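Here it is, the structure in full.
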Amino acid sequence: MTSINIGVIGYGYWGPNLVRNFAEIPEAQVKTISDFKPELLAKAQARYPTVQVTTNCRDIFTDPKIDAVAIATPVSTHFDLALAALQAGKHVMVEKPMTVSSEQAMRLIEEAERRNLVLMVDHTFVYTGAVRKIRDLVATNVIGDIYYYDSVRVNLGLFQHDVNVIWDLAVHDLSIMNYVLPFQPCAVSATGMSHIPGQPENIAYLTLFFEGNLIAHIHVNWLAPVKVRRTLIGGSQRMIVYNDLEPSEKVKIYDKGITINGNHSAEKVYQMLIGYRAGDMWSPHLNMTEALRTEGLHFIDCVKKGDRPITDGEAGLRVVRILEAATESIRKQGRLIELDKIRVAA
Amino acid sequence: MTSINIGVIGYGYWGPNLVRNFAEIPEAQVKTISDFKPELLAKAQARYPTVQVTTNCRDIFTDPKIDAVAIATPVSTHFDLALAALQAGKHVMVEKPMTVSSEQAMRLIEEAERRNLVLMVDHTFVYTGAVRKIRDLVATNVIGDIYYYDSVRVNLGLFQHDVNVIWDLAVHDLSIMNYVLPFQPCAVSATGMSHIPGQPENIAYLTLFFEGNLIAHIHVNWLAPVKVRRTLIGGSQRMIVYNDLEPSEKVKIYDKGITINGNHSAEKVYQMLIGYRAGDMWSPHLNMTEALRTEGLHFIDCVKKGDRPITDGEAGLRVVRILEAATESIRKQGRLIELDKIRVAA
Amino acid sequence: MTSINIGVIGYGYWGPNLVRNFAEIPEAQVKTISDFKPELLAKAQARYPTVQVTTNCRDIFTDPKIDAVAIATPVSTHFDLALAALQAGKHVMVEKPMTVSSEQAMRLIEEAERRNLVLMVDHTFVYTGAVRKIRDLVATNVIGDIYYYDSVRVNLGLFQHDVNVIWDLAVHDLSIMNYVLPFQPCAVSATGMSHIPGQPENIAYLTLFFEGNLIAHIHVNWLAPVKVRRTLIGGSQRMIVYNDLEPSEKVKIYDKGITINGNHSAEKVYQMLIGYRAGDMWSPHLNMTEALRTEGLHFIDCVKKGDRPITDGEAGLRVVRILEAATESIRKQGRLIELDKIRVAA
Amino acid sequence: MTSINIGVIGYGYWGPNLVRNFAEIPEAQVKTISDFKPELLAKAQARYPTVQVTTNCRDIFTDPKIDAVAIATPVSTHFDLALAALQAGKHVMVEKPMTVSSEQAMRLIEEAERRNLVLMVDHTFVYTGAVRKIRDLVATNVIGDIYYYDSVRVNLGLFQHDVNVIWDLAVHDLSIMNYVLPFQPCAVSATGMSHIPGQPENIAYLTLFFEGNLIAHIHVNWLAPVKVRRTLIGGSQRMIVYNDLEPSEKVKIYDKGITINGNHSAEKVYQMLIGYRAGDMWSPHLNMTEALRTEGLHFIDCVKKGDRPITDGEAGLRVVRILEAATESIRKQGRLIELDKIRVAA
């Protein structure tokens, strides 16, 4: 298997980015693109004259020359398409969120494992220089014990009709958090609101609880006057501000925090003195390679070597599980929903 | 009663600001300052040689020449001091939060009403040019129907030992919201965490529910690497960004939003088309008078005319009621707590 | 002449943008692309399979089916290529700066006029929504009398070998200024420095004098740690801040200024009182169409109707004349160089 | 001489800051304040009941108990007052600019040297944590060879009637530059404009030339819509952005620059390849002590020990000499004015 043939299903918003990146990877080529809108296929054909196009995605599944399938369709179709692809013996890269339910996600993981196929979820941000740097900083204890992870992802548009704002926007934060933090949340409390009758929530707030005193919070909003993409990570040693809208200094590390001195004896705990430290701020140079290129190379590499991708099916499942629980909590106006330890079918 | 004599109790962090502002108001003078720390009184004396100082606040209550008392002490002492002042026949201006419980707040309201005395809570932000402009924009329907009120108030320090971060920081947002919005919240769901053993929560998130589809959220944090003071208000006509850290353009109004067109028939509600509008942004010139001066003048005016202040006891009570409920919700990890319609004893 | 056939010379940095935009304009099509690097032509061919490519630009001049030529080559070649194109009867759109000397620019204007051909200079910024809004604000007297025009355009890279930083960066500011201001400068004083031995100046400062008390200044720098693109325009009524790096609020209008009251009698002029006014700030919604699309449509329209483009040869000449004078002034360390009233050969 | 008695002349804009800081320095006390406006003296008296006040500054010169005089009056009076103080045997701290001419400055230096008295100029910024950090970075070769120093200091107001904007604003940049850079400028070219008839220039641009390829530029403006206080310092190793309006991260060091590789043979110099490096950014924690306190302590220390202050008369003279030359250059529309090697009378 020298070069990987890829079929791409869906050429709407994200599909063209997948095609463009796979087209530029030496060890891969896009063989077929499918979409049910002929006008999108015409665009694809004009841009990539040697690629085959079809309105029937079955043509991709039945083509024995195709090794892998990338799925960039609405989330409600992910499960059927990914399952069919796996059953046809194709490796799969599927858009986030992986599926509309954790049951579906587990079924896909099981199918891929049984057939020894690569199943990767396109958690794009995990492949950015910024997020990888943050993971390094956490993993090498530069931050110390993690106290909180707080993220805001708001802007005006694009309202979705079939999923609420957390499935559209919080999915990014959850996939980043899943990669960056060495812990899994154990419960979620979420609130939200829809401002268009009959439509899903367009604003939502999630609190995630972990073992110990780590807490995470995500604010997502489709109806904000300004665009904000900012994450604060507080630790015992240092704190991070990750602002994805900054052109170059996306990650800043603050050597700031509190110091606790004082009498820890049981009866006098209230007398402890809290001090404040402020040191230098530092913004590391980041790898600016397009995330989707890094990700595409990783996918091809996993396919060739039979490796498990960083953003494998289980990473996708963990995120879907939280999205499910948060949606349930929103319906119950903040009621705490426990997140069971996830077990994949053996 | 030509000029109002004022006694100020507490000369720690906020008291000096009260004294400085009352000292510059023509129709008022500070007659006495009390604090239990002699070194603070020495400072006060050096700066204001003609003012009397005392370590015993009773000297203020028993002085028949004193018309009004301003209380700037820790919140746990507000009730006793304010009650004693009212019972001594003095008008009262008390720091926020008004009291540690809504029962105490109601008791003070009752006492002031029975004695026909002014009872004012120092919700300072209500007297800023920025907040007054926002109230005008809401009241004159420039914003349209209010969809959400979202506020972030985070920085590093000053950890309190006796109250959690919502009593210290969210109190500002709640007092602003109480003034700006024409509605009262009916329930609260809140989460939070303490990162210092035995100490109150230093990070917290509050969601407030209202009748209809208005939602509010407040994020407060004593342990953030950067200082943020930003409120987003979304409406059907326009949206506001209020950034209190901007030196001059604190309030920006965005002529942005969504438009909804489409078939509202029951079965086809999902077909409605959401459009996006983007127009001009506008930042009104604001009155930059120091809030405490405006507030001091208002207090003196109310005392002289027997008027009810804008931030009266009931405003203070409404805020305390939410703080109580939110604290309870935090303990229950986000459990929804209903806010009863508040009734002041007749 | 229903649809305009275009030949594009130069497919390096800017040429692909020209091709892409012309390709999307219904009444135009790119017939031929020339470049002396075969690898760039291969790229062009892959992307636009129906376009002809050639390493010999003469093939464009001699093709009778080509109506217009767009030239995106190094500035030193502009004159020869544009002249040849005009002499072959083609309309011309040439990159900025138009030529390396005003003599060359005048020669091209003359040739185009004699042959009744369109000669347009690609002053791209003139076709942005931001710059057009600024021109409107100036033209409708919203700003009042213009006091100054101050621009900073600095970043790290891309050092040029054949021209100094003013020919590369200040050319943008001069073309914007030429479009926005209703006046022409009458003299220039400039300073600059090279920090690489044997290379042209990489940092420069230009002051432009006008009739009356209008003054303009441009700071350009290839060796700055941060990217800045900011223009301040001061007027008697209002002031503008144009920050091209802002994603949406690129233009802000400040209703701020000074008021002058006082005794203007000869001996007491020093007693005049200067007051300061501060009113609202306003950021108008801007047309966000890609400038090069607007410009391409304008060029095609001029070709079809025989109209004179907004950024015609004389606009190009005016900018070149200032660049020449500024370069001379830099050599003389700030010596004032007069700008003669430019007269195009009749 | 255990504690230094100080007389302060001038209690307008800056005088109160001097008095407040000297009042808080243990080894100094303000004995007398003079101002010709009685209402200002009344304010001073109310605030500092034990200080003597006088409308006649001679009372300060003739008081044998006064050791040192701080002068915070309009610049036109500096020379006479400082000379009288020195002749009365007092140490002197004088506001910037030191005098209205370099002759006057030299005369004061001479007088102070002859009498062995401390003569200090209040170049306040030199005593900030930010500027001291920058000097350290330059002195320890963190920046490498200095390529340029570029500063912008603009805002709306306060127009002066007796001096132009460079004597009011550029004086800050020149005093900082004089402290930070290890070199002296050898020539200046400046331009500027007045927008109020009969008044001094309210906008100005200075270019300073040094030996070698170091260049400096200062832009000052009293009529800008926004406040800017930003200095860029470019070096061969690193570059600095100093933004004095940032609340905490005032100084940022960018590990960025160019690399030069290539054939330096005479005929092929144009082939040298310029590369670009981008590394981390770093913002050091700064000492946030009020500059005037650090400066006051330094003055008292110099008086007690007979040391020469950092911002001595010669530092003041160097700045005045540039202001003189720049004013002459503005009159001549950018004409280069040489700065002679300054020699203080022996």
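Every chain is named by a letter (A, B, C and D) in the order it is written, and numbering of its residues begins at 1.
Here is the rule we use: a residue touches a chain if its C-beta (ideal position, glycine included) is under 8 Å from a C-beta of that chain, and two chains touch if they have at least 3 such contacts.
All values reported here derive from a predicted model rather than from experimental measurement.
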Maximum distance between Cα centroids and subunit D occurs for chain A
By C-beta contact count, B-D versus A-D, the higher one is A-D
Taking each chain's centre as the mean of its CA atoms, subunit A sits from subunit B at a distance in Å of 39
Note: subunit D sits from subunit A at a C-alpha centroid distance in Å of 53
Whole-angstrom distance, CA centroid of subunit B to CA centroid of subunit D, is 43
Where subunit A touches two or more other chains at once, the residues are 278
Among line, ring, star, complete and other, the chain touch graph is complete
Per the touch rule above, subunit B residues touching subunit C in the complex are 248-249, 255, 278-285
So, in the complex, the side of subunit B touching subunit D is made of residues 47, 49, 227, 247
In their shared complex, subunit C is touched by residues of subunit D numbered 147-148, 150, 152, 154, 156-157, 159, 161, 187, 189, 191-199, 203, 205, 207, 209, 213-215, 217, 219, 221, 223-226, 232, 234, 239-241, 252, 254, 256-258, 260, 269-270, 272, 274, 276, 278, 329, 332-336
